[in-house]
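Given below, in the form of structure tokens, are the structures.
Each of the next two complexes has chain A plus one other chain: chain B in the first, chain C in the second.
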Partner chain A sequence: MAASVLLACGLNEQKLPGFVHISEESNVDGSFLISCILGQRLRISNAGTLLICLQHHYQHYFNAGMRLGYNSNIFLGKTLNVIDVLSDMAQQGLDCKWLRSSDELTLTEQLIEDIRTQLANNYANRTSYTILIDNLSILFNLGASKLHVQQFCQSLAALAKEHENLTVITKLSNSDIHQLTDDNVAKLGNVRIQVLRLKSGVFREVDGKLLIERVLDEGSYACEQSRKEVLYKVNDRNVKIFNPGEIGVKV
Partner chain B sequence: MLSNLMVTNQKVVLIIDQLNRERIAAKFIDSLLKEQGQGEEVKVLPIGTQLKHVASIETLLGDNNNPKNAINVILPTLADLLCYHKPAHIFQFINRLRRCEHVSRVFLWASPQLLLHADAEYILAGCEYLSELVLRLETDTTLSLLSRKPGGGVSNKRYTCEVSKTEFKVKPLVDAAANAATVTEVKSEEGVKAADPGGTFKIELDEDEMVARNALTLPYERTSDTATEGNIIYTPDADDDFDDEDPDEDLLI
Partner chain C sequence: MMSFRKRTVQKPIRGTRTSPHTAQVITSSGNPSLDEILGGGLPIGSICLIEEDRFMTHAKVLAKYFLAEGVESNQEIFLGSLDDLPAEVLRRLPKPLTDEEVEQDLRQDQQANKQPADKNGLRIAFRYNDLPLVNSEQTTAKIGHHFNLMEHMDSLMLYFTKITVWDDSHKELEPKEDDPSYKVSDVVVHNDDLISSSKSLDSEPLPPPVDGIADVLPPAPAAVQVPAEADSDITAVNNNNNNNNNNVAMNSSTAYNTISSTTITPTSTTATTTATTTSPEAQPPSVESQFFYNPRYGRLLNKLKQLLQDEGCVSGMSGQKNLYRICLTSLGSPLWYDDNFASDLLKFLTVLRACVRNCTSVCFITMPMHLIAKYDTSLVPKIRQLVDYAIELESFAGSDRETHPAFKEYSGLLHLHKMTALNTLAVHMPETTDLAFKLRRKKFVIEKMHLPPDLQEISEKTAAGDILGTPNCSSGVSINSNISMDF
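Up next is the complex of A and B:
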């Protein structure tokens, strides 16, 4: 269902790079990538996953997973753990810990504390562990400053370095508006996936473009990088991938 | 090689990167030092979340008490520093490093496109002001080098560069243009050398001459290092005749 898109992004392997960042341009939706990656991680036996729901609540990912061919509820509480910020806020209102600063912790500090706790409880029992954060730009809406988001991402990158089999995957929407933050987060990892809209406009057969940049080797004075461009179309139950130029208007 | 131009007597070195090579900043600087045989005396400051602890920065100066082993300090990138510290604190720290006699060189890497601070331009200008050598990586093939000598001389030169993963070769941009002029001149008019239009003197320096010039400490720089003062101490004798009035008063100067 989503194997082709993961293959194109190089995220179909059991061991993923330490830090992967997804930049999502304005007016495009790259949430399908989170659902695809989540499904792929859940299918690996004894691989732990922590999903941090900032843009969509957990139920959304369950529904999306069902369409893509996996049932995330089976793994919930076992290999899948969820920090559902949106649901917490909806259920607890202003008393929610994400909306009030307890112990003088900021929102991002509170979040990283919770991630550390989850990691301490689950990492040792799993062959590998993946932390998925569905949208960093929601943190801005919840009152976090650019600096806080940057520090939060640096803490995540530090966690990925400390733990051998840990992968952190972040997504930032409106990356063209939050350009500085986007670049600063992307530099923390070796893989950056940009979800871009079509420059020529809207097309029925194609939703947008994925630009996958991967640092292959860091030399002393220059980096060896690979860049790959593919077009994608999100259908009801799958995601299709095309090479640029493969699809055209036939007259 | 770039290291010949970068590892000189100048103490504070700023690298302004316009090519988004920040991820290899520490490696880049370390390689420059290793090429000049300075790879052992290097202190790399912590990066990322470790920068939260101010003490780790402050203790750096106290760590190296042996004056014989002057160290090269590679600071975290300016973007990382600004993430955890105030600009005033960063400037103070660079200034302290500059004055510290146990520190032979300080390297700071700044990528303007990654500076999150609202006053990033001013902060970068402040860092440039504090630096004695400013390398600006402009494009994949060109760079500029601004050098401030202790005596007050300033030179700003541009170079063409050839970068591979392990080598960074540079060539003065002026020389390259002059060479091209020479080639065309020779082709058109054999036997006549393409001379500098300003005269017969050779004004430009090649890389080796530049290194030799940077390594030379001029006599007036040597004397300015010593802390001796040039005050004249005069103890008047009892018989000395002092006149409180100005002897030149009548001259109406």
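Up next is the complex of A and C:
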């Protein structure tokens, strides 16, 4: 269902890189990537996953997962843990801990505290652990500054370095608007996936473009990098990948 | 022990159906042609943003359709606006058509389409005689109703609908209205206004209330003649009060549920949290003033939360559910401006989205995006990211295109900026994204954009230059751009 897109992004292996950043251009929907990665992590036995829902409710990821052929509810509380910020906001309103700075903690500090707590409870029992954050731009909307978001991502990157087999995957929407933050966050890791729209317009057979940048070897003087560009089409129950030139306009 | 388990089939929510495209529960937007573009209707829990045209005519028509559909389907309605008087908007809702009238309308449309060809029997080419007539209007959706824009809805219909309005006026601060149980009486106050206004306009006596419901209904007001300039007076008062009320803190009168844990537990199939209800006395003080710089957003959210915490609305609760239609018109207009306008608006939309997703409701927002773009260009994509559907109405009124032969059939262009895959993987895309709308006498129609055949008569160069200069008919990118194809 999602094997091809994961293969193209190099995220189909059991051991993932420490920090992966997904940049999403304005007016492009890259949520399918989170669903694909989540499904892949859940299928690995005894691999823990922490999903931080800022963009959608958990129910969205469950429904999207069902379309991709996995039931995330089976793993909920076992290998899958969820911090559903959106649900908390809906249930508690403006008194929600995410919306008020209690105990001198900012939103991002509160979030990193919760992530650390989850990690302390679950990391030891798992062979590997993945933290999925969807997405960082909501933090900006809720009042976090660029500095706060940058510090938050640096804390996450530090966690990935501290813990073996820990992967942090972040997503940032409107990357063209938050370009500085986007570049800075991407530099914390070795893999960057950019979800781009088609510059030549809308095409029925292709939804957009994935630009995958991977740092192979970061030496003292030179940095070896690989760049790969693929086209994608999100269907009802799968995601298809095309190489540029594979698809043409049929008259 | 018996292994038999009674199958409990949940009753469908009034005015909704399951979409064959995405298997989601959807409801009508009130306008059949808009429903068609959205893949049958708006999914429950979604926010639809209509980016207003410069004269705000067409977006308001769509908002009226949305509200009228709620009244006709007996759903609960929330209407919030600073620019418009909610009572006035409700008074001018379009009248629903009966099935016979819809059929008659369709027949008339078909006849009107046939007439030019049958008049002299001429076509562009004889071989086209065998082809069916091109109907660029989208086919009608299976849910929803049809409305007549020429006539207004009977005010009695509004009596039987739970309507909550918010205009940040002085009425909101009265002790009676602060009571959360005031929802129905809230409607009554405005209905009194409606009735008095309609009386003064129509000079027709209201029909007597139905037996048995008379107790529920408020006593009909005595014949009140509302002067014609009353509306403008009210607007002035409201605006003054809006400014004065900025510093008044509202009490959050809803009962709070304190959630003991933010982590979702696996005990339930849906995303649930262990909740303990506290007494209203123990509720924490309102922090709206800390979160929003402009207290209006907090007041609007509190009003909304009172409504959405109803048992019939929260998803996961048992019992008969009802759909809530939230309509916010001209959100982000200059009346909302202050020093922290951008940050407050984004915060509000983020929290609103969380609230709407968590219950059986749909939200319809109209925003003057051309003004917001002038305030801050980067705000536009940020707002679009926080809604599920972003549709721009580009009206020809006041522009050169109004008299352009290529667009003589249409009132404006419709741009689909965003369609989100909500609770699913892929979103339904319409057959074409080159869409135009026309405001007819009785209805608002969205059609596939096509150029008239007689355009050839115009000097080819000028016509081609003009048309190619427009962003449409080329899937979002002008033909004369130098960008090479991506594939």
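Just so it is clear, the second predicted complex is superposed on the first by the 251 of 251 C-alpha atoms of A that agree within 3 Å, B and C clash if a C-alpha of one lies under 4 Å from a C-alpha of the other, contacts with A are read in each partner's own complex, and residues count from 1 in each chain.
The criterion applied here is as follows: a residue touches a chain if its C-beta (ideal position, glycine included) is under 8 Å from a C-beta of that chain, and two chains touch if they have at least 3 such contacts.
Every value quoted in this text rests on a predicted model; they were computed, and no experiment measured them.
Enquirer: Should A:147 be classified as contacting the first partner (chain B), the second (chain C), both, or neither?
Expert: After superposing on A, A:147 lies in contact with chain B but is clear of chain C.
Enquirer: With both complexes superposed on chain A, which partner does A:14 reach: first (chain B), second (chain C), both or neither?
Expert: Touch status of A:14: no partner.
Enquirer: Which of the two partners, first being chain B and second being chain C, lies in contact with A:155: first, second, both, or neither?
Expert: Only chain B; A:155 stays clear of chain C.
Enquirer: Regarding the shared-chain residue A:183, is it in contact with chain B (first), chain C (second), both, or neither?
Expert: In the superposition, A:183 contacts chain B only.
Enquirer: Could you look at A:125 and tell me whether it touches chain B, chain C, both or neither (first, second, both, neither)?
Expert: In the superposed model, A:125 contacts neither chain B nor chain C.
Enquirer: Of the partners chain B and chain C, which touch A:46 in the superposed model: first, second, both, neither?
Expert: Once the two structures are laid over each other on A, A:46 reaches no partner at all.
Enquirer: Compare chain B and chain C by how many residues of chain A each one touches, and report the one with more.
Expert: The larger set of chain A residues in touch belongs to C.
Enquirer: Going by the contact rule set out at the top, does A:226 touch chain B (first), chain C (second), both, or neither?
Expert: neither
Enquirer: Which of the residues in chain A end up touching chain B in this complex?
Expert: Chain A residues touching chain B: 146-147, 150-151, 154-155, 157-158, 180-181, 183-184, 187, 215, 217-224.
Enquirer: Contact residues on chain A for chain C in the complex?
Expert: 26-27, 29, 31-32, 35, 56-60, 62-64, 67-68, 73, 76-78, 81-95, 97, 99-100, 114, 118, 137-138, 140-143, 173-174, 176-177, 198-204, 206, 209, 231, 234-237, 239, 242, 244-249
Enquirer: Can you check the complex and tell me which residues of chain B touch chain A?
Expert: 20-24, 27-28, 30-31, 48-50, 79-80, 83-84, 113-116, 163-168
Enquirer: Using the touch definition up top, name the residues of chain C that touch chain A in the complex.
Expert: Touching chain A: residues 22, 252, 254, 256-259, 262-267, 269-271, 273, 275, 283-284, 286-288, 290-291, 298, 301-302, 305, 343, 346-347, 349-351, 353-355, 357-359, 378, 381-382, 384-386, 417-418, 420-427, 429, 433, 474-477, 483-487 of chain C.
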